[in-house]
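To keep things simple, chains are lettered A, B and C as they appear, and every chain counts its residues starting from 1.
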Amino acid sequence: MTHTQKRIVVNKIIMVLSSLSALVGLGFLFWILGVLVLNGIDALNWAIFTNEGAPPGYEDSGLKHAMIGQLYIVGVATLFGVPLGILAGTYLSEYGQKAKLAEIIRDISDIMMSAPSIVIGAFVYAIIVAPMGHFSGWAGSVALTIIMLPIILRTTDDMLNLVPSTLREAAFALGAPKYKVIIQIVYRGAKAGILTGVLLGVARVAGETAPLLFTSFNDNFLNTDMMEPMASLTVTMYNYATSPYEDWQKLGWAAAFILSMFILGLNIIGRIFLLKKRGK
Amino acid sequence: MSAIVDKFFFYLTRTIALGILLIVAWIFVELFNNSLDSIQAFGFDFITEDKWAPNLEKFGALPAIYGSVISTFLAMLLAIPLAIGVAIFLSELAPAKLKTPFGVSIELLAAIPSVIYGMWGLFYFVPIIRDAFGGVGISMLTAGIVLSIMILPFIAAVTRDAMNTTPDILKESAYALGGTKWDVIKDIVIPYAKAGIIGSFILALGRAIGETMAVTFVMGNVHRISADLTQPATSIPVTLANEFNEADSGLYYSSLFELSLLLLVISFTIISIAKFYFLRRKRIGA
Amino acid sequence: MATIVDIFEEKALEVKDFEFTYAGADAPSIKKLDMPIAKNSITALIGPSGCGKTTLLRSFNRIHDLYPGNKYAGEILFKGENILLPKQDLINLRIQIGMIFQKPTAFPMSIFDNVAYGMRLQGIKNRTELQDRVEKALKDAAIFEEVKDRLKHDANGLSGGQQQRLCIARAIAVEPEVLLFDEPTSALDPISTAGIEELVVELKNRVSIIIVTHNMQQAARVSDYTGFMYLGELVELGRTEEMFVTPREKLTEEYITGKFG
């Protein structure tokens, strides 16, 4: 066999192998999604949305407490994390730019994005839960806010940076002060991108379990008092699925399904926004 | 008037941005302070002792560290070849119509919360391991495999992105000399994107080592060092998840905080290495 | 119909009734084109942007095939065979018809390995043979003296002009019959450009050359034959000295005198 013939054979083998890997990858994807959808839909019923949690074996227990708790915790985190993240990202893109300090903040944010979230939970435990003496929804929200900040910061920084400098210059040339240039011109120009960043940040944070384990902890009943421990879909999922009770395990799958649909939905909407922006 | 608002806006944004640095520093400080009891009690032995016995107030972190290292190593061993294959498929092989849906599927896989990987692992993968190797099915091996599935999409996506940075004209030059797809990938694309690819692997490693939920369901939280991968084990995040709310003494808490600090330092270091040696950040649009 | 002058020399390539449609396009980018390419000569392809000259060039080594969906029609004859047929061995074709690109494309490896790449692809492993042929190629590309002491160094350390010579050395190391140049000096400074032009003229003794250029003066300086293309068609092919002085087609005259493009 000539060398070239050998090359052609090797090429073919590698291509087959990578197609196989792709198939394996897709296979796991379908397996996990399939399991999620089948079990989730099987466990879904109206009671899930209307009823609160109950001890195992209890008929008609639901997830209302977990869903509302999740909404509160993630909602509050978003309320704080998004404006703070956007403002911090604004500093980086509009004021700091390539300065050493700004680069340091970017680097640290990048690293934080991949850092273990359970450690954030331990931190918030130390500064909020321990002094308060008990778990609380606030503690959970704070933990999620800390996780969300670097994500929103970086995407805002990147998206604002995409706005052409000529746009800013034109506004300055008309005599606008810097804060107006930023708020009225730059933000507007980067609107879609920032929104996408927010959606993706919320999606990422909504799926977190570990940082909630020792901050908001859990609750089997509906509780809207952020000062008390609060249920969340993620922690509920964890508790129910690892319990030995079949009806609780079923609820766990229902929770998983509901949460995944929410997160995937946010991701898809975020992508559509990004595509729309690129298409402009 | 505008000047005042301008100044205010500047200081507002800068304070918040600086605040992020402050929070990170605070995290290290707070973890360290809470670990003091344990540090003073055990010193360096914390890392070398393999006995973790809460009721005896003796805490050796070696089994947790061992578990973190082995499970992550196993996960990378399985995920990397598969991910490279997927990346090659995505960037070179997939017909144009499949490229986008397939690429998006991989990215959506990466967005699925890790707790769901854990659940799937517990209900569907553990029985398989149980049938194959006996025992409970909950083990280091199971954890390694579930973890590898979890980081696979991430590695595939970033490897594909790194490979796509290779300029078309460079690839065409190699094809023009009679190269095959694999020739071009191995001789041109991979060397060109080498830094980005290795950086992505190391970044994935940094993430995997901090992973909690995918692993907690299927590892067992047994503080034992064993060469038998089919036995239950524990890792640092798994220990934290399972024991934090059970801790009943100052020293216990302190040891857990020391574990947290250890984990933070290790993953911070790994991620920094990936970032600063391999992944020069490219600002989009800059 | 194009006005094509008679070619004295043997033909290295012959294009007959050639048509090319890009993937997803409604209409062909090149329509019913006939063109002879003279052996051991330099044929320049000129024309305004979008006229199809690069599209035509890239058809000669079928590099279009890398991007699915592109369609060829008609014939391109090389050594008596139509290379557009699906059964054509592309690897073999590309060894015989080489290509130099618009920007220097040094591979991420040493200077030596760059030049040796094509030969290694063919299975040549003998150290001595490789060294000899690499040296010869570098000499033929007029860059040997400059790099002989740093053959093991990364090729990316070379300047733009040097890198382009390196790419030429790399292409001629496999001893092709035809060399395709796609605007090879558009990314280079005037001095490097002059050097490359000199080199191209020397090379025609060994290979047949087709060069796409948007620079008419370059075509006039360097080529033996010039083909003027417009909107996917060949308008005129003539001997360069004649065509630039007395073009036979009005359109050619208008382009050459700068009335458009």
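In this text, a contact is a pair of C-beta atoms (placed from the backbone, for glycine too) under 8 Å apart; a residue touches a chain by one contact, two chains touch by 3 or more.
Quick caveat, the model's predicted, so the values are computed rather than measured.
Chain contacts in this assembly form a complete graph, since each chain touches every other chain. Of the two chain pairs shown, A-C and A-B, the one joined by more C-beta contacts is A-B. Here the CA centre of chain B is 49 Å from the CA centre of chain C. As a whole-number value, the distance joining the C-alpha centres of chain A and chain C reads 52 Å. Centre-to-centre spacing of chain A and chain B amounts to 16 Å, using the average Cα coordinate of each chain.
Each of residues 178, 180, 183 in chain B touches at least two other chains.
With touch defined as above, residues shared between interfaces to two or more other chains in chain C number as follows: 91-92, 121-122. With touch defined as above, residues shared between interfaces to two or more other chains in chain A number as follows: 4, 7-8. Contact residues on chain C toward chain B in their complex (touch as defined above): 61, 63, 66, 68-69, 90-92, 94-95, 98-99, 101-103, 105, 107-109, 117-118, 121-122, 167, 170-171, 174.
Of all residues in chain B, only 95-96, 167, 169-180, 183, 187-188, 191-192, 194 touch chain C in the complex they form.
By the touch criterion stated above, chain A contacts chain C in their complex at residues 2-4, 6-8. On the side of chain C, the complex with chain A involves touching residues 91-92, 121-123. Contact residues of chain A toward chain B in the complex are 4, 7-8, 10-11, 14-15, 17-22, 24-26, 28-29, 31-33, 35-36, 84, 87-88, 90-92, 94-96, 101-102, 104-112, 114-123, 125-127, 146, 149-150, 153, 158, 161-162, 177-180, 182, 203-204, 206-210, 213-214, 217, 234, 237-238, 241-242, 249, 252-253, 256, 259-260, 263-264, 267-268, 271.
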